[in-house]
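Heads up, there are several structures right after this.
First chain A sits with chain B, and in the next complex the same chain sits with chain C.
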Partner chain A sequence: MNVEKWKVTFVVSRQKNQEPRLYQSFQLEIDPDEYVLDGVERIWAFHDRSLTYRHACHHSTCGACGMLVNGVEKLTCITSIRSVTHNGGTLKVEPLRNFAVVSDLVVDMSNFYTHLEAAQFGQVASLAQAALPHDADTRSVTDGEFERLVDCIECGLCVSACPSALTSETYYGPAVLAAAQQAFNQSKNSALIHFADQHDGAWGCHSAYECSAVCPSNVDPAWRIMDLRKKTLAYRIKQLFRK
Partner chain B sequence: MSNHPTPSNFWRWFDPRNRQIGYWAFILNRITALGLTLYLLLHLIALSQLSQGAAAFNSFIAMAKNPVFKVGELLVIAAGVIHGLNGIRIALTSFGIGTRYQKQSFLALMAVALLILFWFGQIMFFGE
Partner chain C sequence: MPDQPHAIIIGAGFTGCATAHDLTLRGFKVTVLERGEIASGTSGRTHGLLHSGARYCVSEAEAGIECIDENIFLRKIAKQCIEFNGGLFVALNEADVAYAPRFIEGAHACHIPVEELTGKAALRLEPNLNPKVLLAYLVPDGVFDPLRLALAFAASAKQRGAQFWPYHQVKGLVIDGQKQVRGVRVWDRTSGKEFEVRGDMLVNATGVWAGEIAAMGNTSVPLKQTPGVMVAFDQRATQRVINRLNEPGDGDIIIPQRRMAVIGTTSFEATDVDYIPVLKEQVRQMNTEAFELLPILRQAHMRGAYMSARPLIDSSEEGRSLSRTFKCYDHQEISGLGGFVTITGGKATTCRGMAEKTADLVCQKLGVRAECQTRDVVLSSYRDYYQN
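Our next item is the complex of A and B:
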């Protein structure tokens, strides 16, 4: 079989020990139907073993390989080279925005994970609650006894694309608020409303909807944040009449 | 952290490259808001001419009939209309009303804004 090969220049962000960021170019001859992560791995394997990046599952389940590809947040394991450049073209790979860079393409996501835990992020939910209410119902079993993994893969692409997160270190960010919305739907725990009902919570969103645009996993964080606002408001109104 | 509220990060708010319609609406709302705020300042300065007597104010009004000023006025109307219509969209979608159709509603409202501006432009430049 004759495999098509493209000549692509990978321009990779390099940054170690908080030093200024530099860009290093690598010329690759690569099958355009391979993924951007394959190219990054090839650079590491055959050109520069000091390149650091995160990856694990290679099939969009672990969320580890989120990066900026030509300026757009992408899960690099499912982003084909063909879809982001052309034969003879360049492909710029940078770490996610709005996170501190640890090394090269690796960012520090510890705050993000801490906030997810505070939002009582559940890894699994019932078939009905794991889906968005406006999704087509594709369940083959509807008795509610079965659970599945929720859609959020904790990749952080939404945080990287969010303008509110760009100028605030304390804003929880779209994934965390989406997790709080989903957890509230399951538990009805009012602590989650209090968690969301603050400036760094659901009210910190500036409605740019970029989180939902870049989400690779059908979480629709923007919709969930707006839904959380609605629920927060309803809760507050109910509290007024209880007093 | 890379997400400090620094001036460079603030300017990145206005970078539309690689972003989608919702983000363009976000940028447009901020630009129009800044434009309207600047206009308010200029408006107050213009009105302060009144304190310098009728002659000073009349000469300012004569200058304001210049086509360049009219284009400026049309820009103010554009800012008001775009900011207002986009604001209605944001207010609704921010509480879950039509959130899933925020792109479509933005495009539809901007089409309405264009029609309104066309109407205003005709009156201002070709009307009596």
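Our next item is the complex of A and C:
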């Protein structure tokens, strides 16, 4: 069977030992229906074994392979080459913004995961709590209680795209606040309101909505941050009348 | 032997991470070397099916029993990353129905709980099933997130002192004059530096790449590298895992995961598995089979397609009939090379059991008396892996 092949120049960000970033070009002859991550993996397998990048599931459930593709945050395992370049074109691959670079395309996610853990939202929730309230319900049946892995795959694309995260290293960022909003819906634990009611929390958002634009997984963090603000205010008002 | 024996594990897939967890619980010092990211080889690319064992109960009872036993353990220790909604084995034609008696007999022999449903009852549970469904069986299947399962084992090991070095590729073994492995030479891909790591026992947990590591010590493992394709669709069409009630074949499993449906899988042999392109013809054939089970997926969009290479123990048989069970090899017995064991084969579902057997062998070889504790120890949050 004849498979269509494109000539694509991958321009890849290279950085080792905290040295200045360099860009290295690799010419690939590749089926445009392959994904950007496949191209990066081909470079590692056939051109340069020193290239480092994060990846695991290759089908958008693990969130490891977030990168900048031509300057835009993408989950590279589901971003087809066809959708981001053309035959004879170039394709620039860089690490996510607003994270420290460990090596080449690998960024340090440890702070991000520490904050996510503090937001107390687990990866498995009931169907209703896993989905957005204004979203088409993903339930196919009504009998029985079902659970599923939630939408947020903790890929960090939202943090990379966030202008507030760019200007403040201490801002929790969209994913963490979205997690706190979902955790509060689940547990009604007021500690989460205190967690969000901070300058670095829900009030640090400048409403750019870039997070929701790049989210590959229907989390809609911007909406969730606004909802968290509402819940925070409601909580504060209730507190006023409690005494 | 020093007070705290040091095990070096190569490979941070499910087996390597679970073995690290097991050995740290038995008091070992553990170093895990992984050439890529955690679970970036076969483990990450699994479809994420927590097998009930029913898929293998007819053809391979041993694998079926391993799966149901480990399914129960994992649900207890790794609940944090498992959707447990059960599964259905679905009969769509007379040939499928004719398979049912063997299926029931196999399931009973493997002590897998199954519940028979009429076609109508199955449709009530999962309305998106092909309306032609004649008969179905409920089984205790589940679905896990692959990276997070590996990370949860790694986080638990790390909490007990294990060191994880991702992006560190083993370049060679350090072998002394007595044919004893003393350590490995490692290339740090993040800095370009090469150095040696010394230990008391080397555990090769590189799965489908186990032969390459074994060859560094002029020894071998009987292994077939058997990739298969998987396709993710952007619609969660069912809550339960849907299996075709028949002999294992292409496109006979559909796994709901987050908002997706993941279809698996094909099976063929390959020699180089560092990069396996997705074969479009296989995708088309497999999808056709799967659409028969869930016609609604014809209207869904393909979200991703990927290849994963299974490490199957070579019993000199072909593809599908290869054993799904795992095996632990002592290279002392294979080629007289001491201080070196290999664990390979198996399924993601059985990774804890694989780790137990491997740690048993490591302890036996080093004269360490320590019982396995991993059946009851609930794993740390996978996010703790990232805590320094």
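Quick note on the criterion: the second predicted complex is superposed on the first by the 239 of 243 C-alpha atoms of A that agree within 3 Å, B and C clash if a C-alpha of one lies under 4 Å from a C-alpha of the other, contacts with A are read in each partner's own complex, and residues count from 1 in each chain.
Heads up, the rule we're going with is that contacts are C-beta pairs under 8 Å (C-beta built on N, C-alpha and C of every residue); 3 or more make two chains touch, one makes a residue touch a chain.
Quick caveat: nothing in here was measured; it's all calculated off a predicted structure.
In the superposition on chain A, A:208 contacts chain B only, with no contact to chain C.
Once the two complexes are laid over each other on the shared chain, residue contacts for A:20 go to neither chain B nor chain C.
Of the two partners chain B and chain C, it is C that touches the larger number of chain A residues. Contacts of A:70 after superposition: chain B is touched, whereas chain C is not reached.
Within the superposed three-chain model, A:97 lies in touch with chain B and out of touch with chain C [touch as defined at top]. By the touch criterion defined above, A:233 lies against chain B but remains apart from chain C after alignment on the C-alpha atoms of chain A. Once the two complexes are overlaid on the shared chain, A:88 sits clear of chain B and of chain C alike. Looking at chain A, you'll find no residue that touches chain B in one structure and chain C in the other.
Against chain C, in their complex, chain A makes its touches with residues 1, 3, 16-17, 31, 33-35, 38, 41-42, 45-46, 49-50, 52-64, 77-78, 102-103, 106, 109-110, 112-114, 116-117, 122-124, 127, 130, 138-141, 143-144, 146-151, 153, 217-218. The touching residues of chain B, counted against chain A in their complex, run 1-6, 9-10, 12-13, 17-23, 25-26, 90, 93-96, 99-100, 102-103. The touching residues of chain C, counted against chain A in their complex, run 36-40, 43-45, 48, 79-85, 124-128, 143, 145-148, 150, 167, 169, 189-192, 230, 232, 236-239, 256-260, 262, 274-275, 277-278, 280-281, 303-304, 306, 308, 381-388. Touching chain B in their complex are the following residues of chain A: 70-72, 97-101, 134, 161, 163, 165-169, 205-210, 212-213, 222-223, 226-227, 229-230, 233.
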